[in-house]
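Two complexes follow with chain A in common, the first pairing it with chain B and the second with chain C.
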Partner chain A sequence: MQLIVENYILFGNGLAWTFGLAVLTLVFATVISLFVGIMSITRNRLLTVAARIYVEVFRDIPLLVSLFFIYFGAPLIGLPLDPFSAAVVTLSLWGGANGAEIVRGGFNAIPEHQRTSAAALGLKPWQIYWYVIAPQALLPIIPPFTGLFTLLVQSTSLAALIGVPELFRMAQIVVERTTIMEGYSPAFTIFGAILVVYYLISAALNALTSRLERAMQHRLKARGAADMGSVRRQAEESV
Partner chain B sequence: MTACASNRAVPLIAAEGLTKCFAKHTALRAVSLSVARGEVVAVIGPSGSGKSTLIRCLNGLLVPDAGTIRIDGAPVDMRQQRAWRAVRLRVGMVFQDCSLFPHLSVLQNITLAPVRTGRMRREQAAETARNLLARVQLADKADAYPAQLSGGQLQRVAIVRALAMAPEALLLDEPTSALDPEMIAEVLDVLRTLSREGMTMVIVTHEIGFAREAASRVIFMDQAEIVEQGAADAVLTAPREARTRTFLDKIL
Partner chain C sequence: MSYQFDTSYIWGQSDALGAGLLMTLKVSAISILAAVGIGILGAIVRVMQVRGLSAVVAGYVSFIRNTPLLVQIFFIFYGLPSVGIHLSIFNSGVLALVVWGAAYNVENVRGGLLAVPDDLRDAGAALGLKPIQFMLLIAVPLGVRVALPSVLNTSISILKNSAYLQAIGLAELTFVAMERISLEFRTLEMFAAIGIIYLALVLGLSIAVRALEKRLHRPFETA
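For the complex of A and B:
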């Protein structure tokens, strides 16, 4: 406990990096998810194939391997990335690939006759998507999406391995330094404390999710719908 | 209607030589159909005979591979989605699976298209919607959501939604096929009223009784072609073609 208090500046900094990493990643991952997800449901063959390849590549390679590949590979194409940027890029691309699948699942869960009947009313394609398809597709994917957010926040700890001074890296430093200087290893205590911090962040996100989900259930129940489970399951299955 | 009196001779919908193929199978083989203003045309035939394909080709939900369509005498450029949208603003459609938008209330379902296509302002559209709902005995359901309605009510709302665009004609694709028997009557009642009021309709249906009393013309389709057509009584009571007779024997 004393170690944590003594090193509060280190841990505080680490937490700040973690939050910075998380916030940037969540924003970029969301943007990529929507963009690529919508790309993959267009009728343009080129766009859907490009989206498919991107999603498959990032979903089929372990996140850590992608992280190393981008961090060490970027300089080779004349684009040296500092550890933080490399981590943001990798986590965003990985989150975007998984998020795109959720978005695609959400859109695919909308029956074709919704589009057809909107078209029959003389609406333009963008109006059909904006007023009819998107509201139905996007609401049910919010819960699986916040699930992805939790996963992304946890994954920021991987950035320690390429040297981003985030929370987990700081814990490692404190453990190593204490071991060398004091002659004993506080690994269990320090990593235990870190575990609690990650747990609290994720638990807070999850609590937010369930509240959101309950609010949506409530709203849907007001409309007399049985439950949103089916749409959500379909969106989740694609993850 | 008086404004249209001058071109009463020109059919409102005139399709000629419509052909539509899916992969290897031909769903529509050079079908021609002309519908005059105020006419109610019932299309009957076994499933897979091309009825739904025909009706969907009339407003471009399926684009015909060959043939021409004229609306009020003006040819439709079938490669242009814009041209089809113009057709859809004049010719409404009702589907088998009512396909209301579940995230919108009944009123919003009805006013969405009139408002977004620039037909009406929001208040005007809402007023029109309420009037139309009252006509199908659903005035109290304006603020309900589709999941709260029965099949028959949903289908009546779907009809109102199409009518709210003030269409010159309605295409109805088996509007009662997905309904429980006790709900069919309430939907047919609405259609009967519309036909009495002179609404031009093309209706794909299995309700022979309804076709007999409400349709001015009956078309029998089989194997992607129009086999026989004529006055409802003539086709349904004394069909000339053997295929028509076989079909009618089977379902009556």
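For the complex of A and C:
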């Protein structure tokens, strides 16, 4: 406990880096998700195949391997990245691949009759997507999306392995230093405390999610939109 | 741009990569089996609402799912020795993956068990089955079948996440690749090699899971 108090500046800085990493990643990952997710539901074969390959590569290769690849590989093609940028790029691409699957699931869950009914009413294709499909598909995927956010926040800890001075890296430094200087290992307490901090961050995110979800359910019910539960289930299954 | 991609280098490293792959498969296979077993037990405890134990399992699941696996691995490998539990790198790795995977499997199997219709419970009671008998003889065989796809997805995640164990020095695929890179600097070749290996493993398993899902669904299809 004393160690944590003594090193509060270190841990504070680490937490700031973790938050910076998380916020940037969440923003970029969301943009990529929407972009690639919509790409994958177009009728253009080239776009859907490109989206498919991107999604499969980033979802199937371990995040750690992608991170090392981008950090150590980028300089070789003449694009040196500092650890922080490499982490942001990798986590965003990984989050984007997973998010694109959620977005695709959301769109696919919209029953066909919504599209045909809108067409029968004389709406143009872009109007069908903008006014009918998109609002119904995008609102229900917010909960699985926030689940992805929690996962992304946890994954920022991987950045420690390429030297980003975020929370977990700081914990490693404190553990190593104390082991050398004081002759005993505080790993149990320090890593235990870090686990609790991550848990609290996730718990806060989860609390936010369930409030959001309740508010949304209210709104959707009032509008008499397609059953949100089924849309959400389909979206979640794709994660 | 003086980097020359040398395909023959990869073939020259096939022994080292093979050894790494074998370790990855070994640590994953053991972890997956144990995680499924513990997951089923945990789910039974949760669904039968065993007093006291149920809350413990719920807390465990929530804690593991909401904290980073990498920190859990470090906690187990570096933290446990200071409270007198000494584990080898391999055993620490297995323990970390089992604890992580089982937490997800508890939720997966619980979802499956909850999908078992209540009618069956009544029918079981009418036949004189005790709740535990109903659970083991009827709900588990049915529920696990329902939960199988998500359990297998978690199992694939365990295989992918075994790469995290390179951070504590387990000589699995990623570790081997990183070690060769630090010695010989054939970065792109090595990443291409392990990237393709992981992709083939995960993609192959995913396709198998999808086929199995279809096969399991067959009795319920209408004409």
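Annotations
As a convention for this text, the second predicted complex is superposed on the first by the 231 of 239 C-alpha atoms of A that agree within 3 Å, B and C clash if a C-alpha of one lies under 4 Å from a C-alpha of the other, contacts with A are read in each partner's own complex, and residues count from 1 in each chain.
We take it that a residue touches a chain if its C-beta (ideal position, glycine included) is under 8 Å from a C-beta of that chain, and two chains touch if they have at least 3 such contacts.
Please read all numbers here as calculations on a predicted model, not as lab measurements.
Here chain B and chain C are compared by how many residues of chain A each touches, and C touches more.
Judged by the touch definition given at the top, the superposed model places A:Arg211 against neither chain B nor chain C. Of the two partner chains, chain C is the only one that A:Phe68 touches; chain B does not reach it. When the shared chain is aligned, chain C comes close enough to touch A:Ile77, but chain B does not. Contacts of A:Pro135 after superposition: chain B is touched, whereas chain C is not reached. In the superposed pair of complexes, A:Gln127 makes contact with chain B only, with no contact to chain C.
Once the two complexes are overlaid on the shared chain, A:Leu158 sits against chain C while remaining clear of chain B. Comparing the two complexes, no residue of chain A contacts chain B in one case and chain C in the other. Within the complex formed with chain A, the chain B residues making contact are 59, 61, 81, 85-86, 88-89, 92-93, 95, 97, 99-103, 112-113, 116-117, 144-145, 147-148, 158, 161-162, 165. Of all residues in chain A, those touching chain C in their complex are 56-57, 59-65, 68-69, 72-73, 76-78, 150, 154-158, 160-161, 168, 171-172, 175, 184-189, 191-192, 194-195, 198-199, 202-203, 206. On the side of chain A, the complex with chain B involves touching residues 111, 113-114, 116-125, 127, 131-132, 135-136, 139, 222-226. Listed in rising order, the residues of chain C touching chain A in the complex are 1, 3, 63, 66-72, 74-75, 78-83, 160-164, 166-167, 174, 178, 181, 187-188, 191, 194-195, 198-199, 202-203, 206.
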